[in-house]
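By written order: A, B, C and D. Residues from 1 in each chain.
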Amino acid sequence: MATAIESDISKGTTNKRQPAKPVRVAVAGASGYAGGELLRLLARHPFARLAHLASSGRDGKSASPIERVHPALRGQTGLDCQPLRLDDFSPSRMDFVFLATPHETSAELAPALLARGLRVVDLSGAFRLKDSEAYPRWYGFEHHAIPSLEQAVYGLTELNADEVQKARLVANPGCYATSSILALAPLLRAGWIDVAAGIVCDSKSGASGAGRSPNQKLHFPEVNENCRAYSPFGHRHVPEILQALELEEKKFTFTPHLLPVTRGILSTIYVRLALPRALDEVVSLFKDFYARAQLVRVYGDGALPEIQSVAHTNYADIGFAADRAEGATRLIVVSAIDNLGKGAAGQAIQNMNLMCGYAEETALA
Amino acid sequence: MATAIESDISKGTTNKRQPAKPVRVAVAGASGYAGGELLRLLARHPFARLAHLASSGRDGKSASPIERVHPALRGQTGLDCQPLRLDDFSPSRMDFVFLATPHETSAELAPALLARGLRVVDLSGAFRLKDSEAYPRWYGFEHHAIPSLEQAVYGLTELNADEVQKARLVANPGCYATSSILALAPLLRAGWIDVAAGIVCDSKSGASGAGRSPNQKLHFPEVNENCRAYSPFGHRHVPEILQALELEEKKFTFTPHLLPVTRGILSTIYVRLALPRALDEVVSLFKDFYARAQLVRVYGDGALPEIQSVAHTNYADIGFAADRAEGATRLIVVSAIDNLGKGAAGQAIQNMNLMCGYAEETALA
Amino acid sequence: MATAIESDISKGTTNKRQPAKPVRVAVAGASGYAGGELLRLLARHPFARLAHLASSGRDGKSASPIERVHPALRGQTGLDCQPLRLDDFSPSRMDFVFLATPHETSAELAPALLARGLRVVDLSGAFRLKDSEAYPRWYGFEHHAIPSLEQAVYGLTELNADEVQKARLVANPGCYATSSILALAPLLRAGWIDVAAGIVCDSKSGASGAGRSPNQKLHFPEVNENCRAYSPFGHRHVPEILQALELEEKKFTFTPHLLPVTRGILSTIYVRLALPRALDEVVSLFKDFYARAQLVRVYGDGALPEIQSVAHTNYADIGFAADRAEGATRLIVVSAIDNLGKGAAGQAIQNMNLMCGYAEETALA
Amino acid sequence: MATAIESDISKGTTNKRQPAKPVRVAVAGASGYAGGELLRLLARHPFARLAHLASSGRDGKSASPIERVHPALRGQTGLDCQPLRLDDFSPSRMDFVFLATPHETSAELAPALLARGLRVVDLSGAFRLKDSEAYPRWYGFEHHAIPSLEQAVYGLTELNADEVQKARLVANPGCYATSSILALAPLLRAGWIDVAAGIVCDSKSGASGAGRSPNQKLHFPEVNENCRAYSPFGHRHVPEILQALELEEKKFTFTPHLLPVTRGILSTIYVRLALPRALDEVVSLFKDFYARAQLVRVYGDGALPEIQSVAHTNYADIGFAADRAEGATRLIVVSAIDNLGKGAAGQAIQNMNLMCGYAEETALA
């Protein structure tokens, strides 16, 4: 259990690292699911002050009361959702901007916001890949904001905390990527995996991960009472996984699936160990690796994470099964996150917390 | 239980009423949910031969393999889905047309098809209201096919079997209307309801009732883990209910709700009885009323129908609860149908069966 | 929008009414859904300190790590769940007890806890009905704790705030009752309803409202893709609704329905107005009535609450539809709550907040 | 498309292979989900006559009207569900028995039924494993019906049609096993898989696969909005898969998952090819292998089967994805079945059809 002091920190009432100076925050792309979750979390963040909401999603012309955009947030924000206009973003009104905008919109907006001295967490894929030449293949557009791309820090907090703290632009990881990387990084960095044998990651995601724009594939009766694989060998979160884990494409097989749930990702990851390991050793490796991570829960009791373990939270839960308890060579790592929490908005706020010097888990635990 | 002979009839192997002459059938609007259900049912109809499929729903330009339109029907129809062109409908190729098209499209197509000598069951609302002047208010368009409107038979099979048999154009009832009318007709025709006290019908429908076109309100995460009332005092199935039951608008309060299920309608209907009645009397009234209806199941054991009682069937199930077993004055009638079965495609085929002289329940029970 | 100060209150960082003295809290019945939600909320309550968890639900013999009981709470409570033993509840360890226990267990435990000087919020029905003789009919047991029953305050916070503040035993209202009473109290107290015409309340609830014990009716495939009415004219929340609203049983028809969702209640309530009223008047009546209620949201824009408007919150949302905007006589009131939030655990904490002098909405908004 | 004659066969109106002699059928274990699905299918089987229904599931003492057992089957069977008594099974009343009973019950009943001259399809696991010594490990009981075990034919129709036709006892395959074996048999028998590299089968199943007995893990709120892996390296369908595919346990990694849907299994299977193959070659291999199988649909258009492709049908659908179209070495095979259809009751009837000389797909397509 958290000590009383840690508990107070996570509730946001005190902060040992530095006095809590409020931060003025804007959200661009407020009308989507990640945008809505950002607002919900910011509304209970003790140090964040919501300064501006914008969206190009509705008619794009006039302000909308927040309850038209997110019925559940009626009365929660005190602000209407404005049309998205770059001019509205200024250091006189805000310190910090979350971009929950489409990839190309983010690629355009971020450099302009940085130039004005604002700090940015971008939830799109626009700044995740170091190699700008990968964008046409994976995202379908040419990237022109090379300096921002170079400056961007990949915001998987648990791996990059030091860089994130100093960053001006954080590329918030993809939901599938978060789920996969957290489950594999300790094993790969320790060299325990027989990479030549290949790694299989079978991921299952709730439908909110596909965004809020209506389309045939996400129409209720098409998703309900269904489950389907999609984008085999071609999902756009693959390159950021390869980049973060320093893997070759041919060694990593990733298949996303759509689940008839709203929130959550469950990844079942199959690896072959280079040497037989006891399951306890694996648990210890992960517990050590994530010793300082407040929002990763490593299961040491043989249980496996489920989507319900983490839905509506910012936790990443990781558990294990092996072909035998001692001397395992076939290992299954199961990780679960909420795609809108640790997979998007929650992680974005976790990054903001670090960037602003707040406790990592403020408003999240 | 059905006798062996009845059972054979319902399985379609024999037909006592008349020798089963095959019917060649076309479906316009094949790409929607009602269209797909029609195809599924027709594929196992012993006397129907599918002659033509058409849809304006996809690109509208080229034929689509059926599995692109309805993945579950892969290999089932032997026909591609063609663009919707009036010229393709001709008595040389077919005898019968199902229109599962938008209201205005049906209003245009039906007269032309009738003129060519084809018989038509229209699943839209285009021919349900006898009063053509009601169309602008309830359906948002001016009705110009007055002769067809006058000729159309309202195809609630259980109430209008004789007329349906002779009809050339049947207006297949709305799903909510079917659910409401079947539950109220016996009581109203017997004069048992205190109509002055008002009737409340609280209906709950699965999302397939709203059609297959993507829109924000039917996006998976908006429907899932949700339930909402909509169109209070204004749903377009109200006028056909009033017409069929000869009720004044102010005496009938109807509220539809959207359920996070794909198929099914449950209507909970609240009436006040003019005189106290034993629950047994109510059951008898309904059993007598529906004595010849093969596809209405009246519950006499105190159970209440559920959506699962009827999903994926063509049954309309009706049950009762009262404020006391003897001398009830407050009565609740609960009816359940599958909105795509008895509420749409199944009922359309039931109508076709009557029109073609087949047993009513052929391919449906 | 809340002012900055109100916002800080609701986030729990300050409290203008009185300095926030921590409260030590125990939860009996921690293994059920309401118990789990209490723990989740208490974990982020700035002034509550969890002192003891107990449950008779598991083997009843040994302590269980919390993650065995509620996988999502892994690492959240710092306490194991103990077997339920009266001896463990003592003022030396705690100030306050939540009973999320079965009705009869609560009826036995509460007097003993009160006798030890502990304050109690009971989430069962054991202390909701003033008339002890009603218990055999509605709850199936004879009530023997008459003094506690007399002392108990019905904890519908919005109606009874003053009494709740001083109470030592609060009977937390039923979920359906909360949903119904909040939607009807303003109209009934104003005398606007034609009560003689009868009131119909058609309520729809998520399955968590039926508790966590496995049974056939709540087995996943029986609830999924289904909706059913149950307990017509006989649900045990009816008597507390009649008591709170001072209605006769024959004037109030209540039908609960089971929805295939986990959380939430939507009530569609049909009333006849004694005199025609403009919809705006109705909105004003409710806004005035709930002017000081932080957790009731009255909709004045014609929208209707949905389950998603309130799921995972403690809000009660209320909206309206009428047969005409001016001079309405048929009025529909739609209310939505989360059955585990405002309908159970959230409301219990709201009551605790008042009893302890904290801002009503602490840890809830 | 099926020709007209094939179509008639599948509708059951004629049978070219032999004149259709009716079969009298009993179902033991009628109260479970597989039992209910058997009844639903038998009710529309043109040659089956339901002779007896029995279940030990309810009170086990008196007959139950079928609607108490399966609400959807009200009026469908003409028979009550009787307590399960061996004496009721006799060749004077029936020819054929489906056992949808627990494993141990089946192990006891089958030999007795065979001794009476009845033919049996057993849907449990009692006769699937050739090695009687495997039962204690995988099923938790000692198998004593060795002669029946030796006599039993593994009823995966597509692989064993000839043996099934002559069998007196058919062991109907497990749902996961059906899904896995059909997807792998063509590749393994052709020797195309690099077995040494290991095969990973990640399967996702609807909750009806876990049976109808209530338990905590299948309680609605525990399954809804959730997905979880279970029984890693230990599911009891593994040994029948290994047996049918002649694989070593260490070469086959199988992880079942529970989906929040009622029906359907989706298996995503990862194999490494021994030699690079074009995707077209793979499709051809499967099309040839299943050329005579009426109920397997091989996808040659790049689409992948979904649960909705097969729910409420008896089809097994199989599709493919590869790391490249030409020269693929990493291949994903996706298979989908309805766990109650092809995975249980449908396949049982498919076996009965063969055993009785009816067209394989009678009542199923």
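Observations on the model:
Convention: a residue touches a chain if its C-beta (ideal position, glycine included) is under 8 Å from a C-beta of that chain, and two chains touch if they have at least 3 such contacts.
Model, not experiment: these values are computed from the prediction.
Across the two interfaces under comparison, B-D and A-D, the one joined by more C-beta contacts turns out to be A-D. Ranked by separation of Cα centres from chain C, the top chain is D.
Centre-to-centre separation between chain C and chain D, using Cα means, comes to 46 Å.
Our note on geometry: chain B versus chain D, Cα centroid distance of 34 Å, whole angstroms. As a whole-number value, the distance joining the C-alpha centres of chain A and chain D reads 40 Å. Touching two or more other chains at once are residues 222, 224-225, 260-262, 306, 308, 311 of chain B. By the touch rule above, chain B contacts chain D in their complex via residues 1-2, 4, 8, 11-13, 44-46, 49, 65, 67, 71-72, 74-75, 77-79, 225, 297, 299, 301, 303, 305-306, 308-313, 317, 365.
Residue ranges on chain D touching chain C, taken from their complex, read 33, 206-208, 212, 214-216, 218-225, 260-262. Those residues of chain A that touch chain D in the complex are listed here as 197-198, 200, 202, 204, 222, 224-230, 232-233, 250, 253, 255, 257, 259-264, 266, 268, 270, 272, 304, 306-308, 311, 321-323, 330, 332, 334.
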